[in-house]
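Shared chain: chain A. Partners: chain B in the first complex, chain C in the second.
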Partner chain A sequence: MRREFHWFPAAVTGAMLVYSLLPIVTFTLFSFNPSPFYAFPLTGFTTDWYVKLLADGRIGDSLVASVTIAASVMVAATVIGTMFAFFVVRAAVPFKRVLAGLGFLPLVVPVLVLAAGLQVTFVEIGLPLGFGTVILGHVIYATPFVTLMVMAPLYRYNPALDAAARDLGAGPFTTLRLVTLPILWPGIRSGALLAFLLSFNEWAIAFFTGRGVNSLPMLVYSLQRNGLPPTVLAYAALSTAVVAIAALAVLPLVTRLLRGSK
Partner chain B sequence: MTVSPLRKGHALEIDKVSKAYGHFLAVDDVSLAVEPGEIVAILGPSGSGKTALLGMVGGRIAADGGDIRIGGNSVMGLPPEKIDAATVFQDYALFPHLSVLENVGFGLRVRGVAKAEARKRALEMLAIVGLEALADRNIAQLSGGQRQRVATARALAVHPGILLLDEPLGALDRQIRGRLQEELARLLRRLNVTALLVTHDQEEAFTMADRIAVMQGGKLEQYGPPAELYRWPATEFVATFLGNGTIVEGRRAGGTDDLPLFEVAGAFVVARSRVAVGASARLLVRPEHVEVGPAGSQPAPTWRDARLAGVVNTGGTSRLTLEIAGTTLEALSLGGFDLVPGQTVDCTLAAEAAVVL
Partner chain C sequence: MNETWRSWLSGTPWLLMIGCFFILPLAGLLLMSFSGEGGFPSLDNYRVVLGEGSDRPAVLLRTIGTALSVVLLSIAIAVPAAYYLAKCVLSARVQAAVLALVAVTFLVGPLVRTVAWRGILGRSGLVNTVLQGLGVIDEPIMALLYGRPAVIVAMTYNAFPFMLFTVFLAMKMIDDRYLAAGRDLGAGPATVFWRIVLPLAAPGIWTGAILVFVPTISTVLEPEILGGTSGRLAATEIRDQFFHALNWPMGSTLTIVLIVAGGVAILALALVTAALARLSGRIGIAMRAGSTGAGSAR
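Let's look at the complex of A and B:
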């Protein structure tokens, strides 16, 4: 069948692209501009701000901190989020919708509110604020996203496949390992990547619950307290590039999940 | 191609098995014995409990009562992976993330057979179903008939004591279904497999099975060889579910125990029955047992002056509707092109063609 060109969706997509790319293009341009003042016309081309940013010893420490946190969050949120997806799709318990709704609350509560609430809670129960509490907070924040990503393939999953595996001699655990999880893997992988990115970019929860935690967003926050130095723009451009590359890796998977191919 | 038989299949005994879902009795006190190497079809409409019965044999559904034995060993309470049975699932349930060969070898691998050996045996099984050339294909690349054969090979690869088949050909087109029915039955017989087959398709049951168990409303209506069920149905449900026919009212008029005579629409017919003289009965008349010809063409017709109410030509045969003294009968005629609706005809009922219910 011939695909028809529809001008309206094309126009909306175009507008969206311009709208979302404009700030990225702007700060990327200024990050290569020698002048510390953000005004057109540009005064030249320099990589000084990048050199200065990378020469700052703090960015290396922050990168290590951010990756450590994001990797821990990815593992924990993927495991918990996948199990929660199984609960939402498969469990037959009373008040399942209510329980599932509570689990998805972090999706709708503003992150700032979640962060403040977490701080109060952690202090109240006597948890020392630090790396542990940031990871805990990020897990709560990222888990429902993983669940959403896993729920899509799980709803489409044919339970007869599990029955077939059991019938052929596989125990429940072997069935999970050799059949269920491999088939759900595209969803789980997308969820894991999403959890990593959400944690890696997250500022509010780190700010409220991570005393002395110098993750990258926290570093940026501290750098821009007295105005916005171009080094921050350099950081923004760099991290956007990294995240964009990671997202491009995830996007085909998400598309495939939503289309339901496989 | 030569095929060596697998180890001979086990006997299956289903003994007074029941299953209720809430107040709904899905399976109601069913007993059924399958001999080693026998192919038995459970035939019934949807909701008759046939699939639940198969699920209980495979260990997927827990029976409420009774006993199920495979090769003399009770499987009650065992999880599916501990039961010496393998299933060809409805819509096949092939693993989409594995190749054809990996699907067939799956049961062997999870039972601890080494990789090389499992591969060898899976290839052998694929050769038996004629699909060795497709070993490395994805499941998505296969046609419906090929998937069916992969599912059969996957179940047979573990050499199950009994093979369970849940509507094995139901998802296929009508044209290839008939061919695959014969092919599958021949394969199971050559391999000496005991098979329990669930189907709602009468033709499938008749083509493939040594014996047929007809179920309705959770109950076993009748169990026997196909010809016996067709000729001597024990209940009105079996009579009407299998094949075509007309149920007519009759009255025992006399005769002997060996040759009971019934009066039907003003004529005497022979039917196998033990009802007393004078008692009324319901008789089944199969259309192919009613011979129809123009008036005066038959020397001793059962009914004269039957009115031909309808003729539907379906190619090689014609379906005739007859009206005889207020009774409507169906008949099947080879040819029948010279018959026209409204004409008067002679009808002869082949001896013992009527059956009392």
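Let's look at the complex of A and C:
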């Protein structure tokens, strides 16, 4: 089809990019500003805030806590979410639509509601609030996203490949390990990355169910209440850089998927 | 290995977790909301929340209204942009780059994304500094930060990518030949958009609207960080009941009321949209044409 230039959608797309980038650019700019206030004017250039950030013991502790939680959530959510994607796409059991729908419910219930409900439940059943409960809560929050990411390649998956592997003498587990999972791997990898980032940034569930757990979002939350020191801006800029590098890793995959669906 | 057995094996872990740590907690909230001063079960909390002289219904309406305006703003941003990316831009690389850019800023996390607006909307923030530099205003506009507009700007910022991604996927799946056929039959670009693209992308817009609406009614961060003294929202009240008043039954009641109100709002929106589509013959015809077209392509 011949495509032509449409100025209105093009302008909105441009405005959307500005809207998306403006806050990121602003805090990155101010993370190098010597003034302790997050406000104009820019008075110079300094990396002091980064030095202070890295020297701050609390940040290190919180980083360890956040990475521990996010890594555990990533492993659990990826395994469980991938399995559930198989259930949604391939299972032939009674009431499958209802059961599959049930699995996606966390997407349509506000996180705050989940957080409050989990706190009440954990306390009622006597589970001590801490790392374990935060991880559990984050797994509930992140798993449906993993399932969504794995479902897309699984729907496109050609079942003849499995049959071919079987004909060549591979058992079900060998087929899964050597044929199915490698083909689904790009989707699984994106899902894992998403689960990690969702958990890493999540605040409400950690706040409700993690007594004594000081993850990075909780630390940033308490820091911004007392006047927002520029070290928070330095942290924001650094974490943006990390996310950007992770995104570069999956960009070729996204491009390929978009080409494929044309 | 038996096929049924394998099916259950793949679904059971997550369904068990959903049962224990999702259905059960929601049921727990529901039960707890009925324990009032008069013991259990009682409607005391609901009487306090919805009874005469309570400001909670106003807070609830404000919350739903704010969330609906965030949904509308997200549609206004995401639908044209998704259309441009999915149907006007040829290069898959450009599409991926723009989406990835939005995704990166999205994954930086709501807390940082919200705090960032202070430096843009503040008294000596980016907007005021630029406007003053250009000589448009003499005094900084104080109303930018710490009020409803700032909250809505940040909420939209935090939620619109959901809309962008779902609408983009929906539009990407529309067969280009439908658009070409429309053009061949004499429709201009605007007609093609309103009568072919939009009806076919409607399910994607709906999914996006729900994915934007749900987190927006329950967010605590934006009103707290940017809201100043502008009216309280429901989520903040829930948080305060759990952490400051330590009144869990009341917190549970407010939570249940918020879920129900949110559900009613979405239902009402669906009914209004359906009624509008039926009233307007144009859209009705376009939707029917769209659905049969999609059906025959399958």
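In the analysis below, the second predicted complex is superposed on the first by the 242 of 262 C-alpha atoms of A that agree within 3 Å, B and C clash if a C-alpha of one lies under 4 Å from a C-alpha of the other, contacts with A are read in each partner's own complex, and residues count from 1 in each chain.
By our rule, contacts are C-beta pairs under 8 Å (C-beta built on N, C-alpha and C of every residue); 3 or more make two chains touch, one makes a residue touch a chain.
A quick note: this is a predicted structure, and the numbers were derived from the prediction, not measured.
Ranked by how many residues of chain A each touches, chain B and chain C are led by C. Once the two complexes are laid over each other on the shared chain, residue contacts for A:L99 go to chain C alone; chain B is not touched.
Once the two complexes are laid over each other on the shared chain, residue contacts for A:A160 go to chain B alone; chain C is not touched. Judged by the touch definition given at the top, the superposed model places A:T240 against chain C, while chain B stays out of reach.
Once the two complexes are laid over each other on the shared chain, residue contacts for A:L148 go to neither chain B nor chain C. Shared contact residues on chain A (touching chain B in one structure, chain C in the other): 262.
Residues 1, 3-6, 8-10, 12-13, 15-17, 19-24, 26-27, 30, 37-41, 80-81, 83-84, 86-87, 90-93, 99, 102-103, 105-114, 116-121, 124, 136-137, 139-140, 143, 147, 172, 194, 197, 200-201, 203-204, 208, 217, 220-221, 224, 228, 232, 235-236, 239-240, 243-244, 247, 250-251, 254-255, 258-259, 261-262 of chain A are the ones touching chain C in the complex. Within the complex, the chain A residues that touch chain B are 158, 160-161, 163-171, 174, 178-179, 182-183, 262.
Partner chain A is touched in their complex by these residues of chain C: 1, 3-4, 6-11, 13-15, 17-18, 21-26, 28-29, 32, 77-78, 80-81, 83-85, 87-90, 92-93, 95-105, 107-113, 115-120, 122-126, 129, 157, 164, 172-173, 176-177, 179-180, 189, 210-211, 214-215, 217-221, 225, 235, 238-239, 242, 248, 251-252, 255, 258-259, 262.
Of all residues in chain B, those touching chain A in their complex are 58-60, 79-81, 85-87, 89-91, 93-97, 106-107, 110-111, 154-155, 158.
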